[in-house]
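Shared between the two complexes below is chain A, which has chain B as its partner in the first and chain C in the second.
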Partner chain A sequence: MNAGSYLWTRLFRSLLTLFAILLVAFLATRLSGDPTQWLLGDTATPAQQDAMRSELGIDKPIPEQFLRYLRQIVRGDFGTSYFEHRDVLVVLGERLPPTLQLMALAIAFGFALGITIGIVAAVNHDRWIDRALMMITFWMYAVPNFVLAIAMILVFSLWLHWLPSSSYGTWAHAVMPTLALGSSYAALVARITRSSMLDTLGQDYVRTATAKGLARRVVILKHCLRNALLPVVTLVGLVAGSLVGGSVVIETVFAWPGAGRLIVNAVLVQDYPVLQVAVLLVATVVIITNFLVDSAYALIDPRVQYAR
Partner chain B sequence: MPGSAVRDRRGSATVGAAPAERLERRPRRRLKIPPVIWLSIGLLAVALIVALLAPLLEPYRPTAQSLRARLVPPVGFGGTLAHVLGTDHLGRDILARLIESLRMTLFIAALGTLIGALVGIALGLLAGTAGGFVDSFIMFLVDIQLAIPFTLAALTVIGIFGTSIAILIPVIGLAGWSQYARLTRGQVLSVRQMLYVEAVQALGGSQRRLALRHILPNVTSPIIVLVTYTFSQIMLLESSLSFLGLGVQPPQMSLGMMVGDGRNYLIGSWWIAVAPAAVLVAITVALALFGDWLRDRLDPRLER
Partner chain C sequence: MSREFVKFPRRLARTCLLIGMLAAGAAFAQTRDVLRVGIGDMPTMLDPQAYASITGLRFYTNVFDALMKLDPFTSEIEPALATDWQRLSDTTLELHLRPGVLFQNGDPFTAADVKFSIERVLSGNPIYANARAMLSVIDHVEVIDDLTVRVITAAPDPVLELRLANLWGDWIVPQAYIEEHGDEYFQRNPIGTGPFMVTLYEPDRIELTVFDGYWGEKPNVGKIVYRGIPEPTARLTALVNEEIDIMSPVVSDQIDTLSSYSNVSVQCHPQNLIHLLTYNTANPLMADPRLREGINLAIDRDLIIETLWAGRASATRGFQFEDFGDMYLDDVPYTEYDPERARELIEASDYAGGTLYYDLVPGYYENDLQAAEAIVEMLAEVGVKVQIRTTTSFWLNADRAIHPWSYAERFPDPVAGLWLLFGPDGTRQAKGRNDWIDPSEQFNATGHALAGTVDQATRKALWTDLHAMWLTEAPGTTLWRSAICTGVNNQVNWNIYPTQTMDFGARNLSFKD
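Moving on, here comes the complex of A and B:
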């Protein structure tokens, strides 16, 4: 299979996955029961409920409802929040910027720190500094994010009074959420960078570069790192999904006004339209990210096997 | 996935469950276990024993409240031996709650891991041996699963069906199935290239016999390693959900829920959150150490 048809197959699979998730999301909202009860309250008469049902279109057969649902989604109509009585896209849209900000910070922190640790550890392979760094990354990876968050609040907010324990606004508010969310990715990136650097450090072209008298810094940064970063790039696609899960927890701990807290709250008050649009959005982002990463990978490295 | 005969032979020889050992009878290498790993295994064993014997070890009923002994600090921080690890805001003994929570957390994680592993291995075997449409469909399900983050999927199901242990366990268990399915399928595809598989087919062995008697035993060692990873993943998923108040519900308790409860009393009564958090960290760290060591032992290909 050549790269072009691989990408088409991959695109088709991505779209199919997205469609299946739409179907699941649709069926899930139907399973969640009769929304007229929440929308109208206990005092509604059966006639009012019937009117509401036909207005919402949930008195029709399921396949017809699904088609209607798809039409609505194509038009950008994802429904109204049961509790805020506003378009869910607006509700979610308001909460996205803080979440994206937090994720961007966590990814930037994770990759900057991780790649640095990875390089330093690989260059000093099997010396004490390598072992110490690997020990640190091990702990960063093993400690659950909410435990890390609690520990940081205890130390930096309550004992040392250096940082505010919650809320949003200045950079000081962002420090602990970023560290809590990003540290496990830093650890992951560090380990992958290290092992991939060790691979490239042993390559012939690296020895050639050293032999022809290039500075060690140039060899490491230009010859090794650029090739070693490929597996690290793939990681972005895998991380995209789990970052969402992490930010749900971290936003709740630090009272960060983002989409993660919105989702937790939607579960608590059973605001299904909000929950549904959040799931669809995250799934779409993950699917697109993975598609882009796979495509980039296939285009960058012609040796990638296209068949699964 | 590149096939590796050496790995599968060696792996199963160490596990001691595969026919390969019977054929070769190689002298068993002496297993040298480093002290850190002994420590991890010891810690995990203690946790398991404590969880199993929980009702016998709890100094108080974990739900018993005592309004006169509220927010008592642990021994060494102004507390008495009556409550070794102190009490919470309702005067409930932290040690008793810790033991009960450990039991619940390990129970959910064990059952969840079992469900995920069984479903995943079965589907992976099916995909790898059947091939064709079945394979594509199962891998398609894996794609769907991978597109929705675990936490979000679990939250959605909990949002729809409510919070109860009977729903929580299968939901978080299924979070791990795709990893087992992918691993098993990949292993099956590489083992299928082996000569002995061809031999079984030539002798007229059925597909089922081939999958269960000849392929499954040869894919056990990477699966054992995966179990140690998914066990702690599932434990953390349950802990995160319970921490948010969306997992285990009172009067039952779990470690994550205790940390979540303690979060509101960090000022002044830090021990309520710190005690369960410490136990959680100890178990995940021990599991990770043990898992890494096991992987290096069973899977020489991955040695770093």
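Moving on, here comes the complex of A and C:
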């Protein structure tokens, strides 16, 4: 299959996936409760609730609501937030950049630290440094990110006064959220890099490269690491979705004004339009990330071919 | 006259105002430049009529004014944008407006803005439903001249002045500005006549800057920065670390921790909020009022107040607050705890041992789940089997028997309390709700008489009867008056009001050296 056909197939499959996700999200929100209670408060009468349901169009049968929603989407209208009375895309547009920034920082941090630890541990296989690093990564992976977040706030904000405990805006505000969100990811990357590196270190071509008299640094970084990277890159696609979940907790702890908290709040108050678009956006981020990961395989290893 | 000619004086006024503000800023240094406030949740908009809520009250007093206002502690009516007023008849109130008041864009405040503000709330738009519930008695508003306005009600209303001073519906908004920019723009870019103007509105950060054209006393701070910090521990850390000066709310298990720091203090005040239980009398198990009265007598409120609330909540004399003034029924006993009598009533009732479902949305009210667990045990002691069900909506399950609710004081009078919530226009009696399906005709007749009678002595007698009937018919019960706790840096002199209003005006905010 050539690259053009491959891209069209991927695009078609992605759209099908998005449609299925939208359908599930739509049904799940409709079955989750009634937003009029939250909109009108607990003193509303049934007549007021009925009027509000009619105004929101949620008094119609669910298939009719879904078809109407699809027609809206095709026209580029993703709806209005029930609670903010603003275009959903505007509401999410305000919140998405901080979340994407946090996710990107966490992935970059996780990659940089994880790969470094993985390499150092692999080349020092079975020595004390390998065991110490694996013990550290075990703890990094096992400690829940909110516990790490609170511990860091205690140490770096309350005791040492080095970093602000919460909020958003400067690099100092980003340090602790990035570490808290990225640490378990770094641990995962470190362990996979280590085992992958150990596999490649034992390969014939590595012995050949060493026998040719290449510097150890070149052998490790050029010959081993490049071959060991494939499973690590796969991780990016796998964790993209879970990072969104993790960012909800971290955004809450650090008062980071991202989309994660908006989504949780939309679940609590049944803000259907926000939820539906948020789910679509998260799904799109995961699909795009996985597409980029698949594309990166070919860059890392030219032997990888686009295939059905 | 062309629109440009109308706009010109406004532009001139705005320019003069801007020059004045700059000059004033240079001449008078503020007592402090910035006050930083960390709060649990941020408003989704800042339109005080569309977003009538406790979250909004943290902002509105600082940005907007009402015609009158209630003293936060005594609930006496004080002048605000109206300087004086008199009743011309049982249905007409004439108000004289304060001259020289400006909106924060430089436009003058006039009687037309009053008419516009009230009629905006009375329009059929459901977004104003909470505010409209307070003002729905108003038939129309007449502008007499720029500084005189008449408010006419459809029927005699004894509490019209209180309605115009309440915090949930009576904010004055600018007619010209809203007509020029639209409602949606106003929700994000509001202006009022208050001491501060909104200068930044982001999802987790709102900044208010002092308005030098304010008609009243100048505040002691130049800017207020509100930060949304949803996680209580993060709020506490930010306060202790002096990243913020005020945090609200402080949750129960943080009080001891905060008290251990020398740079901050915890302030707890009674809140104008009474926690309630309401009973679904459409459920056959709850049909007998003797069972309901028995349940009311079986709850040891003092024990829960002392343990769960650490004494911060307080008992009430039924469905009322002390600030009712002449209408306060000081002979109503604090709700009794009498398990022996409860057992007798329950044994005499039709209740034959079925399970009563106690539905709640965990965390909707402070301590709600813990209180429910205690109440379930207390009811088991008198032979009533109750099971807690957590839910996302109070009304999802038609077979519920009990659920928690609350009475937030809109203004100090029973027509905005018991009668508003349990009367025929309120939620409990609403058709289709299946809540209180068997109120007596006498209860409703007495309530209607209370709402339409102007004579104060007659009103008090009617209120006495109405309250007694509510206790006997027992469609619910009062539990306790809750408390609100805030954490404040020791350099700041400030108090939250019982309504949860955060007033950063000159009379409520100052700084130590």
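As a working rule, the second predicted complex is superposed on the first by the 239 of 308 C-alpha atoms of A that agree within 3 Å, B and C clash if a C-alpha of one lies under 4 Å from a C-alpha of the other, contacts with A are read in each partner's own complex, and residues count from 1 in each chain.
By definition in this document, contacts are C-beta pairs under 8 Å (C-beta built on N, C-alpha and C of every residue); 3 or more make two chains touch, one makes a residue touch a chain.
Because the structure is a prediction, the values reported are computed rather than measured.
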Which of chain B and chain C A:His161 touches, first, second, both or neither: second
Touching partner for A:Ala47 - first (chain B), second (chain C), both, neither: second
First (chain B), second (chain C), both or neither touched by A:Thr170: neither
Touched partner set for A:Val286, first chain B, second chain C, both or neither: first
Which of chain B and chain C A:Ile153 touches, first, second, both or neither: both
Contacts of A:Val253 with chain B and chain C, given as first, second, both or neither: both
Common ground on chain A, meaning residues reached by chain C in one complex and by chain B in the other: 32, 150, 153-154, 158, 252-253, 270
Chain C contact footprint on chain A (complex, rising order): 32-34, 37, 40-48, 51-52, 55, 81, 83-86, 94-95, 150, 153-154, 157-158, 161, 164-168, 252-255, 257, 261-262, 270
Contact set on chain B toward chain A in their complex: 139-140, 143-144, 146-153, 155-160, 236, 239-240, 243-246, 256, 259, 262-263, 266-267, 270, 273-274, 277, 280-281, 284-285, 288-289, 304
Contact footprint of chain B on chain A as seen in their complex: 13, 16-18, 20-21, 24, 28, 31-32, 138-139, 141-147, 150-151, 153-154, 158, 195, 198, 241-242, 244-246, 248-249, 252-253, 263-264, 266-268, 270, 272, 275, 278-279, 282-283, 286-287, 290, 308
Residue ranges of chain C touching chain A (in the complex, touch as defined): 44-45, 50, 53, 126-127, 129-130, 133, 184, 187-188, 202-205, 227-231, 233-234, 237-238, 240-241, 243, 392-396, 405-406, 420-421, 425-427, 430-433
